[in-house]
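Next come two complexes built around chain A: one with chain B, the other with chain C.
What follows is the complex of A and B.
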């Protein structure tokens, strides 16, 4: 019995951790390239999930099509929010707090537009229409096709994204921008184009993550908001500036939310209603005792900044 | 109809007073001292949870009776006991009110001081914003999961204002509105005095350039923590009044959107200007009521759209438009002259620096 619970929680940890990694690398990239702790990232996740839901209800239940649509729609929303809000504000040389506040406002507007539409079309707590199949069954664990969609897709995208950042000219330009914005401009990098592509990528990845998250649970207008603080926890654990660190942080957050929670529940009887507090406690502890994150031993940790 | 209108006005004034307290507290912290407090909901909720605890535990003790567990099976007798005490024993009710305010202000202030003193020494300043935001949610999750504070999910109802003994509900609500406005007035007067004092100029110096202030030998972290102490205490007091006004303490009220509402007030009114904070609080309170009433009316017409969501969209749009086109707010921060400045200006006119 206990073994089943443990294995089951480990499976969930891997699943959730992969999704957090996918969400958190986008957030880390926004924080470094455009220097914005973007709380509207939560709403990109929600929009991705809703796009997936709508496509699965109305068009097709082909997972590739669903994920592609989620990527496209969310990428455009992210680019739109950059052009409508963040870029005009940046031009006025506003402070980080103003940008933070603006990202909250964008998030608020997007979230309640989703609420309005979801309410009107009765799309609260719906499941994405993909037939559930059992692909692996043993005495302790059952793995469905959802697991095999979520985990390899997330890991694959994270790897593809890291390769893009480290091996392509675009990635090099992004890193240059993260390192020194003015210098990047001086040496002739087309800053506007790189920033636009960054927003498209960040939005698209958040959208795919949202769609996969929606496969894993059900879709409602708050799923992004509930995930975002775990994602911030992952990014902060990784020191806010590195990909390997962020990915490690994401799995650590996933592990503590599922396996650690399960262990605490079995051993000291901690109720599952305290589960949402885990990422918050991680954030607070890391910021209090190790604000530079826990992963500076990773060789490429200083990759994005300095 | 007339009476109805009058009651609406009283309710509006009460809401305005409470909003004004929150806005003044944030204006002091962010507008004057430049500390990004994204944990307004945390400090307001500290006040509200304190109210939940004192009105169920302390109140019976002050009345010389045994406290009854307000949750679960003994919910009804506990509710009856506290409304009985509040109705019949004015001294106990008022005493409990004053004690609640004191306890809430102390807890809020200490939490604000401690958190900011630790975090503000870090390099990345928006960490404080994040920690306070996250702290508010963490406290909320714990209170929601831990029965003894405010009965977890159920909340605590039947918390009457300090004037329940008056008997007449309308008189009681008028008295409470006056009390809230008096608190708001006092907070306005105090923060206006503070902002114009030498200490206030020090705060503005820290806001404008931290390095300069530090190079002049000022302990920036401590100064900011002190402001957080004052601001959080005011926010906690507003939380007590908030809980007493709606007569109910529930963890669902103290979420991030509350924090954002206060930010909208301050940004709309004008950062660093206490009159702006009052104006922002007034406008947002009016808008909040207006959208709520419109939503009810429109939904009564039988449309399928839930108009309550428009409130949040509207507030988000206001915030963005203000940040973009009037970042200094409707009433921008004004210059003010100290007595020394006035003396200098006068003496330059007369040409003699020594003549008064």
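What follows is the complex of A and C.
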């Protein structure tokens, strides 16, 4: 395996891993705070990507404006789905399985609304209109402006989210809800407000992730769905409860899909068409041998605690 | 007297009404099954194809009524979801719920192969308007791939173009499905039979979220091949995948310095709306091969009727769905709603059918055997594709004017 292939695959691993991390922390947050394995998360990613595309086509190609719009629109969609579907179901004390099915239904409804709109406005497979520029070139790797938007933004948002969770009253309230929902209510936490803010945050982060993913590839109504399996793999590696574990899991999935896949292709000739199997393999292995993911490992390391 | 007249009028009225009812009952309705993807990435194709089929049914029914014949057709459509499993379910559902023996569709070779077993076992005839993968060329089955020629013609055209342009080696990137595999294998065989050198292959899974690793590997392969002679890249990718590929390739020093060939999905003006892609494809002397878009008088009438009915021009390949529906219905008019009889007569009907762009003619596999291709490159203005040659599949003759 050449140095170029190795370095390039490592760079791509960081890029894809950062995006998966951004997508996966929202998923883990919904799992923890509202106890919902939310499959509609894929559609939040798609809506973020489409918002970015529409803003870039019709308003501005300023990346900050594009990302801001993606955050806002998707946050509102996520909050809307909570109020329209999930909260009424919670009031009936519906089981987790029913909630999971409901999240599938919400996802399907959102997906086909996006399909209809994309079909009507002919927005299939379009690129977000940010001109591509090479910002760094060496003999082994080339980095474009997209890389410098995707990676620092993703990492920055993940750090900001960690700070919010660990250093702010809202974060403490979220963690309290995650630990014991009923107790949090008894000690006076305004649960409704915290849940609303959680949904806004979940949607917003997924939206930004979708916009960045759209910058990296191209936008179509299945962009989120195609990524969600890898995102779930990352969340499962994090034990579905640990944020540092989820972030670590995201980079591990990115590394497996890029660097490991490249190594297997070069050394044993394994086709890249097996790449989509990698998240499945990770999920199965984790569930079989370490269902708690990295949770226990990370809890034994001070400073990485949630 | 007055009462008798009233009674007589009543009797005549009853007879007229019952006569009309009897006449109505005498009309035999054949169900024409339509299995197309309405959802998924190919949903827009399936929707347009179904409109084309419904137009064909409407026109046929009008003609039958005008001729005073007592047969009518009814199109019943089901979504294949664009998957082999979905196609199998769709065909089975149509047959079991409506008694249809003839299905127009599905769209892709993967879907057609998904539905094949059920069709063969139950004497159901599948008339596929746009499936072209080499894997679908099977003798004596119940699949007829009318109007749109199989990919072995396109593979031969690309092999001849590569030879004419002096490419000694080719690095292929293709999706790992029956269409991609078949075209890549056939191209490699034809290219090397014409004296071509090395061919490397990188496969990617259909509907990829990301193709970075694959493109990086393609670049490494192409770099290695370039050391032993003039090398070109051959991209057998759907449009969405191609956009992801080009995003990476345009900043890759190896891939951006080579010539490129690509399947007809890439000869799409939408791709040229992006200036980066347009410039890249121009620099790469990009060439594509596309089945002829010339129109017969039937084709012109089809476009006018479609536009008048639906308010928009038909999408790509929709005319083939219209043709396929006509061939299916004409065969049923001869053979009735009987799969075995339709299977026997359909080649005869198809071989005497003048379509919207080309005459139908089936080979021993039940696939379209007449193939005229246009060869296209990016025009100097960078915003459209221009014709630079033709390929006659039947005569295996390439004409390239560069």
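General remarks:
Here is the rule we use: the second predicted complex is superposed on the first by the 296 of 306 C-alpha atoms of A that agree within 3 Å, B and C clash if a C-alpha of one lies under 4 Å from a C-alpha of the other, contacts with A are read in each partner's own complex, and residues count from 1 in each chain.
Criterion: a residue touches a chain if its C-beta (ideal position, glycine included) is under 8 Å from a C-beta of that chain, and two chains touch if they have at least 3 such contacts.
This one's a predicted model, so the numbers in the text were calculated from it and none came from an experiment.
In this superposed model built on chain A, chain B and chain C take up the same space, so to speak, and clash.
After overlaying the two complexes on the shared chain, residue contacts for A:109 are found with chain B alone; chain C is out of touch.
Once the two complexes are overlaid on the shared chain, A:222 sits against chain C while remaining clear of chain B. Applying the stated contact rule after C-alpha superposition, one finds that A:101 touches chain B and leaves chain C untouched. Once the two complexes are overlaid on the shared chain, A:9 sits against chain C while remaining clear of chain B. When the shared chain is aligned, no partner comes close enough to touch A:256: not chain B, not chain C.
Using the contact criterion defined above for the overlaid structures, shared-chain residue A:46 touches neither chain B nor chain C, since it reaches no partner. Once the two complexes are laid over each other on the shared chain, residue contacts for A:276 go to chain B and to chain C alike.
Within the superposed three-chain model, A:132 lies in touch with chain C and out of touch with chain B [touch as defined at top].
Shared-chain residue A:246: touches no atom of chain B or chain C.
Overlaying the two complexes on chain A leaves one chain C stretch of 27-35, 225-233 or 315-323 clashing with chain B, which is 27-35. Residues 112, 115, 119, 271, 273-274, 276 of chain A lie in contact with chain B in one complex and with chain C in the other. Residue ranges of chain A in contact with chain B, taken from their complex: 37, 85, 88-89, 92, 94, 96-98, 100-102, 104-109, 111-113, 115-116, 119-120, 229, 232, 236, 271, 273-274, 276-277, 280-281, 283-284, 287-288, 291.
Only residues 2, 4-5, 8-9, 12, 15-16, 112, 115, 119, 124-125, 127, 131-132, 134, 142, 144, 216-218, 220, 222-223, 226-227, 230, 257-258, 261-262, 265-266, 271-276 of chain A touch chain C when the two sit together in their complex. Listing the residues of chain B that touch chain A in their complex gives 30, 36, 38, 118-119, 122-127, 129-131, 134-135, 137-138, 141-142, 144-145, 257, 260, 263, 267, 304-306, 309-310, 312-313, 315-317, 319-320, 323-324, 327. For chain C in complex with chain A, the touching residues are 39-41, 43-44, 47, 176, 202-205, 207-210, 212-214, 216-217, 220, 239-240, 243-244, 247, 250-253, 270, 274, 276.
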